[in-house]
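What follows is a set of structures to go through.
Each of the next two complexes has chain A plus one other chain: chain B in the first, chain C in the second.
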Partner chain A sequence: MTDYLEIKSIVKSFDGKINAVDGVDLSIAKGEFITLLGPSGSGKTTTLLMVAGFEHPTSGTIELTGRDLTKIPPYKRNVGMVFQNYALFPHMTVEKNVSFPLRMRKFNRSEIETRVRRILDLVALTDHAAKYPRQLSGGQQQRVALARGLVFDPDVLLLDEPLGALDKNLREQMQVEIKRIHREIGITMVYVTHDQTEAMTMSDRIAVFNKGKIEQIDVPLKVYREPTTRFVGEFVGDSNLFDGLVKGGAVDVTGIGAIRPPRADPKLEGRAVDVLVRPEWLRIVAPNDRVADGELTFEIVVDDTINYGDSILLFGKAQQRSVRVRAITSHAGIFARGAKVRVAIDPANVFLIAR
Partner chain B sequence: MPIVIIFALIVTVFLFAPVLIVVPMSFTTSQSYAFPPPGYWTGQYAKYFSDPTWYLPTINSFTIALGTAILTLALVIPAAYAVVRYRFKGRAFANMFLITPLLVPTIISAIAYYKYLSYPKLVGTHIGVILAHTCLATPVAMLIMAAALKGYDRNLERAAMMSGAGVLRTFFYVTFPVLRPGIVVAGLFAFLNSFDETVVSLFIAGRAASTLPKRMFESIQLDTDPVIAVVSTMLFLLVICMFLLQALLRRRQFHGS
Partner chain C sequence: MLMVRPQIVAWALLAPATIYLVVLFVAPLVQVLFLSFTDPKLSANHFIRVFSAPLYLRTLGVTFQAAFTVTAACLVLAYPLAYVMARSKGRLGIILLAIVGISFWTSFLVRTYSWLVIFGNRGPIAALYEAMGWGEMPQLLFTSFASTLGMTHLMLPYMVMALYAVMSRIEDNYVRAAHSLGAPPFAAFRTVYFPLSLPGVINGSLLVFAIVMGFYVTPQLLGSPQSRMISQLVAEQVNELLAWGFASALAVVLLAATAIVITIYNRVAGLDRLWGD
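Showing the complex of A and B:
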């Protein structure tokens, strides 16, 4: 991987006591779509603002295409940004908003015209060029912001929760749109969100933030299936986390039983671990179903069931420990409160997280 | 519903009658405040426009009010910016300090300015009155600007900067146009406050920088010259014109885009 945008152990403290960003290292490849995912206050926006140049790192450096950005003011960095609240210039039309970066960068007239036309076409806003931002819907305003951030061919586009203010349908539509734009122009994008579904569906890689630090950087599936910390396991996706102890290559799951994960890290031998089992990794075993060798089965008592139509989520308890099971079935009726259900775990579907 | 309208009319008449009485009086043929006037002519207007002790203070008032508006804005825009945007030592104190002229009784300010401005020999000069009026206008202008700035989205500035605009261009292309309504209101306030100010002017304006309110006050003390009714009528007209202009501008803003 060639390092295109290189963030080296940046720290940002606003008050000199707490580090809002606490030693973040990120190295991003050209054309990559990377998502910064994390709970509120974990330092995602602050990290973006430092890349854009609106906040100065307390320590650490940021390099873009081999150039140290740390001392360069924001208006001299070639970095585009899309803000959560759009931040469109209210006194300018769509066309003026989009041409603003070109006018400030002294492009010549015909170049401005062609670029604005091309970018408005890309975001499907050609018909709205003469309107003012307040005359547009939320989704349209966000597309103007996108066009304004892209029109001058920045080296990287930063997006700070760009879809946070939109309703669910529009959100999904815009997710597809942003991915299409990313594909079509191949620009490097750093995308901030605290919505883990959004991160899963859009990203090449996800950086999971927690308290100013990155807990894990990986491709979405890996973050989901093999979280390196308990926090990541809980924050990304739905999860069951059991206490376990590794003994002789097998893990003894407290209150449930022993199972032998095929790819358990030998370094975990003899140690207490968190055992991650996603709700959909658990299989409901009907009375005359066969249980494969090595599978661990146990009984849960149903507390509650949510029927999603295409699947059900079952909340139960095994030896006083909460267990969630997601299953693609339609006979939710039989899992009434208090019912006993046998479930099985395939050893391949167990992931051990070091404590 | 009709009762409400009638009530509104009564209140309007009650408020305006004393003001409107100056209109017929400005056309009086009498040399006193006799009401109703014994006859009508435009001689008082001719007198106003030919008497330098009347038209010079008028010019002074406009000059001083304009100077006050400009100086107040030049101080208040950066000050409001600092207080709203930045966290610095003494910020709360600065904020409070800028409001103090509002708390001091005007007569005390007047004496203070008189004493203070006499050292650099600014009593009786335009500059002196402008300085004093700026002090008086600053607190409210400051509050107006601070309120406008608080409602101003910081990301707009960031968006301008990521677009390649430096600090100055960001101010002129984005900050200023977006804040313009607040700036206009603050400037207008400073202008009117100065134009209307009497007490401090009485103390420090002297002869050369005498303002219209000062001249009117002196007129009413020394003689019964109906020219004062002319001045009042014209000021009244000016206010109505400004009000209409403002309404017109606002309508244009709504329909223009």
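Showing the complex of A and C:
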């Protein structure tokens, strides 16, 4: 992977005391779709704004294809940005909004026309070129913002929670749309969100932010299945985190029992760990089901269930410890409050997080 | 809950203001219009006189000129101030807002009198001339310069407030978006910020223009007796000559002239034209 956009140990402090961004390193490959994921105040947006040039790092550098961006003003960076509320210019038509970056770059008229036509075609807004932003729906405005951010062939497109203002269905549509555009144009995208589902579905890689630092950078599935910190395990996806102690290659899960994960890191031997078991990694064992060798089974008492239609989420307790189980069934009725349910964990589905 | 039809409630709520305006504003206005054609006898003579005598046309011209000058001066002075107020995040914006607010709430008369002191024979400017040995200070009081300056000072907070109201609602992200799209600071201002602030420019200009057209106190106290504004003429006709009919005609002309200018301005710079439908 060649480094295209390189963020080198950047720190940003607004008040000189607390670091909003506290030593972030990130190298992004050309054409990559990377998501900065984290709760509000975790530094992900500040990092994005520093790449855009709207905030200046207290220390550290940002390089794009080897060129140091840190002292270059935003309007000379050739970095596109899609803002949270789109920031479409209300006094300009769709066409004027989209041609704005080209007019600023003094493109000639025919070039502007060609490019605007091509990009409006890409986002399927050709028929709306003469309209003003407020005559468009939220999804259409979003597409204008994308078109405007892409039309001048920026080196990178930054997206700051671009789907935050849309309702759920539209959000999913736009996720697909943004991915399609990413695929067709092959542009490098840096996407900021606090929505872990969005991050999971769209990204090539996810950088999970917490308290100004990156806790983990990896492909979505890896972040989900093998979080390196407890925070990542809790923030990304639904989780059960049990206390455990590694002894002789097996982990003793407090109050539940021992299990031997096949890929346990030898470095964890003798140490206390967080044992991550995703709710869907737990299997409900019917009375006459067989339990495989090495599987750990235990009993939980049901507190509550949520029926999602395609699956149910079961909240229960095993030895006073909360356990969540997600099962693909719609027979929530079987799991009435107070019912005792046997569940099994496959050792391959246990991930140990060092403390 | 009482079952009352919504329309009745609406009318009941509108009634006090409506009655107040009809009795104390519309009725007197109609009376002025009536007087301008009937006092002392039914004719259009007053209007013919206004438009045929050079004195009155000149007064009308002076009034228009003062209104244009003050509006333009206010705009030039207020725009940067309102811009800083709206865009500064910290204490500066609040301090400036407070200063403008205090000025806004201080009476016209007090502020006009303060100019009398400043420009007076024993005021600070006279003292400066004396201290520096520049000799006799130029005549400042009772000139159109003093009157224009005074009116600009009085109207400045109105313009600032009108601009600030609009500018404070222009999101930073618009300007940021312009930068990210390749617009250097001045281009971003010219193509994005300024057009978005235009509603404030229009509101402020209309407000200041309309008020200055009818200004009385300041030109009376600070201005030159040779170039009076139309409201001074109206007052003179009423107070000294008891010529109610002619005074009314002048007032009607003032009202009509103001209305015409505002209409034209709105046509040219109307918001509907600026921002699409």
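Here, the second predicted complex is superposed on the first by the 355 of 355 C-alpha atoms of A that agree within 3 Å, B and C clash if a C-alpha of one lies under 4 Å from a C-alpha of the other, contacts with A are read in each partner's own complex, and residues count from 1 in each chain.
Operating definition for what follows: contacts are C-beta pairs under 8 Å (C-beta built on N, C-alpha and C of every residue); 3 or more make two chains touch, one makes a residue touch a chain.
None of these values were measured; they are calculated from a predicted model.
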After lining both complexes up on chain A, report clash or fit for chain B versus chain C.
clash
Kindly classify A:Y132 by the partners it touches after superposition: chain B alone (first), chain C alone (second), both, or neither?
both
Using the superposition on chain A described above, determine whether A:F152 touches chain B (first), chain C (second), both, or neither.
both
Thinking of the overlay built on chain A, is A:G60 touched by chain B (first), by chain C (second), by both, or by neither?
neither
Would you sort A:F100 into first (chain B), second (chain C), both or neither based on which partner it touches?
both
Just chain B (first), just chain C (second), both, or neither: which does A:A87 touch?
both
On chain A, the residue positions that both chain B and chain C contact, one per complex
52-54, 73-77, 79-81, 83, 85, 87-91, 100-101, 104-105, 132, 148-149, 152
Note which residues of chain C are touching chain A in the complex, please.
171, 173-174, 176-185, 187-188, 191-192, 195-196, 274-277
Using the touch definition from the top, list the residues of chain B that touch chain A in their complex.
153, 155-156, 158-166, 169-170, 173-174, 177-178, 257
Within their complex, chain A touches chain B through residues 49, 52-54, 73-77, 79-81, 83, 85, 87-91, 100-101, 104-105, 132, 145, 148-149, 152
As the complex stands, chain A meets chain C at residues 52-54, 73-81, 83-85, 87-91, 93, 100-101, 104-105, 132, 135, 148-149, 152
